[in-house]
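For reference, the structures are reproduced in the following blocks.
Here chain A shows up in two complexes: once beside chain B, once beside chain C.
Right, the complex of A and B next:
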């Protein structure tokens, strides 16, 4: 009798142990998936891109503008607008520690832009400054595994404590094969879906994966922004002194 | 009419069943009847001003603004700011709301201490100010900016606004309810006011429902009492009541089937039908009581009675329908047209029921045998009173006419004193939430009546922006025009933080640079269109005094006409100009409806009397009535508004009935007796009595509107009640006096009357004495 109890207790303990291991594995997996996804997106040392922005309003009217974007690591970035003509030369410089400068060619003046306005939209697009940041999702969010679906991992991300964000929840689609993020649904604090980002034309450029097109839809204003990468150079050893105020004016 | 009478009596069973079935059918369709309290939705859509107003409303979210005002000892307190922030972000999540603006999320453009610029939110929602120093700092900053002071925060820092722009497709009432719900859940310590049309609509629809639920029972009880004391019989109460109830159900049923909602005006159709429509069945019952005296041969008697009474009842109802129909043509507001149309239809239904259903029932139920005791009782009561009136008229005809003329002149002198009121807020009683909110808004934020200017041209052109700014300065100089706002202000603000001063930049390049930073901000879509070919200048005005508005509309027009450029255009619209048009239309529609009603009624009277002078004479009580309406409005400061404008022609339509009935009866009695005295006293005893009963019931019916919650309806009720007395008195005193003194030929042959009127008065007195 005693033996039976001991044995069953032992079995119970064993199964509990494995059950917890199994649970942990899923937990780990969610974190791992997000970690890998972060790695894939931030893989290139630097990026030199020419981007076409298409802004589409709710009536379907389109506005097109072009910009060049130079990025090194996750915290140095120089954006210059190339067209239309009346916006040519407007430039932003982002440096570590949330330092950002703006250059207005018509005024020939550089101004520092305050950093706490991350939820404002970037240059008339549906991307906020927050969306444009090259931050690792793992640093800001706690992932949770939902399911596997159509060759994708579905993760639910909730912000870590103390993180300032407009998003109360993200549902993220991560490709099973290459861990590229293809879609993010953004939920507001009322737990309502209000923005959807979709990445398309995911290509392998050199050893890196890159989405040629990304789209952000604002469901409330029915406004959409398409970002199309027209030219791309990766790991071209961009020097640090490209990211200076003087270079902003050039 | 005889044929109709015969048919009615022949098919009486079928008529009774048919009427009940129809009533059940229409009663069932009532379930789909809706209420639309939104007056704005009834502005004529083809009027260019309204068209532009609606266009701006749709494209720039201009007309669908719900305002929440938070009032506390001090807005800049930790918990209040926290509340405002929460409410703002909760409302932003509602489907029906396109944008919310409050001090916690409003766009802010400023330069910081490091020479940088900041285009962001006035208050960082993730780091709400908590310490007293932080709060004091943000308070001082906010109050120093014209963009916020007097717009989102009052100068005394005690009231702050949360401004919600509703989606064009949003259900305004539903969204307003949802907003209220959000705030009610918050358990605020601060006082909350709700302003703007969406919230006003909630109150209006509640008021309308309440009015229907309260007024109909009151008027029913009043009419029951009036009928009971007049007829002292069950049938005398129940039949008129059924006929008005049926006609009301039919009318509302038709409205429901045609998908036409009740409005703030047509809301009173039931009251009108009950007050006016009961008269027709009263006349029929009266006639039956008088003529159908025995159970033998009652079918023939019924046919004869109905044949005789149906003509005056038909005329009376036609004239009343005409009174309402006078509004169908050329009404500025569709809801006035609908009101005229369906009130007229209801009157027609009441007429049909009173000459079909009512006599059908009367011919079936047993005849009332009037006991002699009853008769003497009556003789002592109202008939005796009518006799006295008869004697008085005969004795004093000249005095009556002179008094009538005097009264008329005094009233006419009051006409220039009549004021006009088109202000929608004027509909609500003082002390209601809407009025309190509006007073607070006027006081602290410069009113909420929008003035809008649509600018077309190249908005990024410095010339256009400067013109916009100049025009705003012009508006600012008007004194009572507050808070002019446009993209030009934002550009100036931006130019200032770039260090070039608070002016419109001199080059297009600078403007487009600044513009670039504003793009995508919520506020932009309320100020310019997406390809920058159109912009809106918005402002508010405090008062809607008719004279002031007219002046402002003209001043703006003069200013805009003076701008000479083909490169851009400025066009004026807004509630102020719609009020101006409404005001103008009220005057026009007053004059027009009166003329239409007078002409039509003159024609009807002429047709009835076969005499032009007869037609004119029938109009005498009408002129008397009209004078009394306008006199009362002038002397007692009852303004002409969207409801009181209706009184004139409605009173003509109802009041003329008394003349028709009176002349009809007098003519018959005169031709029978060849004695004006006999004719007069007989007419007064019968028709005169019916008129007095009718005046009392109609008057009481309309006086019920005093209990209405909407001021125009109250005024309307009082005025109609007064005019009923006017036209009643006119018909039984002034009208006979004029007939007697002119010896009007249309009533018959006066040649056989030997003695003059003054000689006859003695014999009347003798006769009445003899009778006793």
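Right, the complex of A and C next:
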């Protein structure tokens, strides 16, 4: 009897040991998946995009905006509004370490923006300033593997300690074949799903994957913003000088 | 007016010239049209402001390294100036209009070396990190035509060169011609005027003055400035220096002339623009999630003596100090925050308003704003906009003014804004804004951008 108990305990310990190793492997896999997803979306050395934004309200009425977006690596982004007339020239610069600037042509002034604006809507769209930042998700979030579903890895992302974000949790869908992020569900601090981002028309341009269309749905207001890439230039050796206050008002 | 139109035509021709020279012309035409009508709340609801403004902005890129920008205002402002039947045949007096050449400058990027940018022409140079009330913003004169449009400045004809070195930049500005401040008109015309303490028994009948402009040469007119900016500990910092003038005139001579034997007098005064050195410092950054800024300027004025000629009253000429050559400090600090429900708040504490000069005349102001957008940003409500003026903390009850300026903006379509608001002042007449406590108004503005 004693031997049976000893063997049972031994087997239990062995099982627990392998279970913990398996869990660690899943954790590692989630980190790897997110790392690969970050690598894929930030693969081009730089991106020079002309984007059409379509704002659709709950009645289906549409408003159109145009902007240019310049990104280098995964942490520098410059966005400039081209239309409509009352927003033309408004420019937003996102730099590492949460440094953000906004240029308002009407005031001829560059304004430093604090992180409290991150959760506010960017120029009336459903994207917030935080969504418009250039980031690597793995720098801000801890991933956890949920499951494989419909040829996608499903990850749950929770913010790392000390990270300022309004999102309590993200559920991310990553394609199995190319690690492209196709969908992100955004949860607020009350753990309620309130925004969904969907990437569509994913195509390969040269050696890089790119979603020609993205959509952000605000579930509460039933408002949607579609982001359509109309022109794209990748790896065009954009200078670091473009991501400066000097260039923000040009 | 003919000269104005000639200037306007010159700008158009300049732009067209660029387009001819440029194989692929890239000219942008933008602007807006805005109506601004205000009426007093009390009594017969007199009109206090009536402005129709067409803003035209032309922008051209003659080459990769050059950029041209110009902005003009075509306006009708005020009311018909009819006093006699003969005026009815003068269209300018019935529907007066004016053209204001706001800006026109040429940018040359990477001039002589790749890190040097130069801007030549009429330009607005915005220094300072605070919100609209900037003690270090002293290169362009204030435009106080509309007292409720805080922070509006005239542009200056000059040259600005900025050298960039990584996160740091060094600017140098040279403005050869001095331009004074535009003072408020309409019901605000007397709000910033200097006040006289008349000796007991004297009653003022007429006041007249003469402005003595700086001599028309480089030494007397020129304004120079330099600023060094950078980033330290994740805060944007800058230090600046200006050798300029106060853009508001100061009385340096006054002559009292008796009119009758009962103490009635006329005063004729002479006013000048004091020279001064101004050292400035500003910062912007964040404390936690709260955006913060601070800005200070130390003014080193030249000493201005006031010569009061009382000889016709039998009291000779008296000399006193109108402005001491002792430094005085203006400062502002503030912060802003957006709550998760979208409510935005902005608070600033200001020591020394635009027109205040000299340690003893500086007052304190607490300015605040709160705004929230509704209906997918179609409606913006600012229910708690305004400020508090404190002239004397020791006798607050007799030396304060409360300013309340709520506003509602409706955006029915892209590029269209409809604004309804009010300016309400309560306070004591000893304070700047308190003097205007009978001028509460209601306003409506419509704006379309193109």
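Criterion: the second predicted complex is superposed on the first by the 227 of 250 C-alpha atoms of A that agree within 3 Å, B and C clash if a C-alpha of one lies under 4 Å from a C-alpha of the other, contacts with A are read in each partner's own complex, and residues count from 1 in each chain.
The definition used in the following text is that a residue touches a chain if its C-beta (ideal position, glycine included) is under 8 Å from a C-beta of that chain, and two chains touch if they have at least 3 such contacts.
All figures in this text were calculated on a predicted structure; none of them were measured in a lab.
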item	value
Fit-or-clash call for chain B and chain C when the two complexes are aligned on chain A	clash
Chain B versus chain C as contact partner of A:63, first or second or both or neither	both
Contacts of A:203 with chain B and chain C, given as first, second, both or neither	neither
Which of chain B and chain C A:192 touches, first, second, both or neither	first
Chain B versus chain C as contact partner of A:90, first or second or both or neither	first
Which of chain B and chain C A:164 touches, first, second, both or neither	both
First, second, both or neither for A:102, with chain B first and chain C second	first
Touching partner for A:139 - first (chain B), second (chain C), both, neither	neither
Partner chain(s) touched by A:176 [first = chain B, second = chain C, both, neither]	neither
Selected from 530-538, 584-592 or 764-772: the stretch of chain B that, after superposition, runs into chain C	530-538
Common interface residues of chain A - those touching chain B in one complex and chain C in the other	57, 63, 86, 107, 109, 111-114, 116-117, 120-121, 124, 164, 189, 221
Residues on chain A engaged by chain B in the complex (per definition of touch)	57, 59, 61, 63, 81, 86-87, 90, 102, 104-107, 109, 111-114, 116-117, 120-126, 164, 188-190, 192, 220-221
Contacting residues of chain A [partner chain C, same complex]	55, 57, 63, 84-86, 88, 97-99, 107-109, 111-117, 119-121, 124, 164, 166, 189, 221, 223, 244-246, 250
Chain B to chain A touching residues, read off their complex	89-90, 93, 98, 112, 114-121, 124, 126-127, 460, 497-500, 505, 507-510, 512-514, 516-517, 519-521, 525, 530-531
Residues of chain C touching chain A in the complex	30, 32, 67, 107, 109, 117, 124, 126, 129, 151, 162, 164, 169, 231, 234, 236, 284-286, 289-293, 336-338, 340, 342, 344, 376-377, 414-415, 417, 449-450
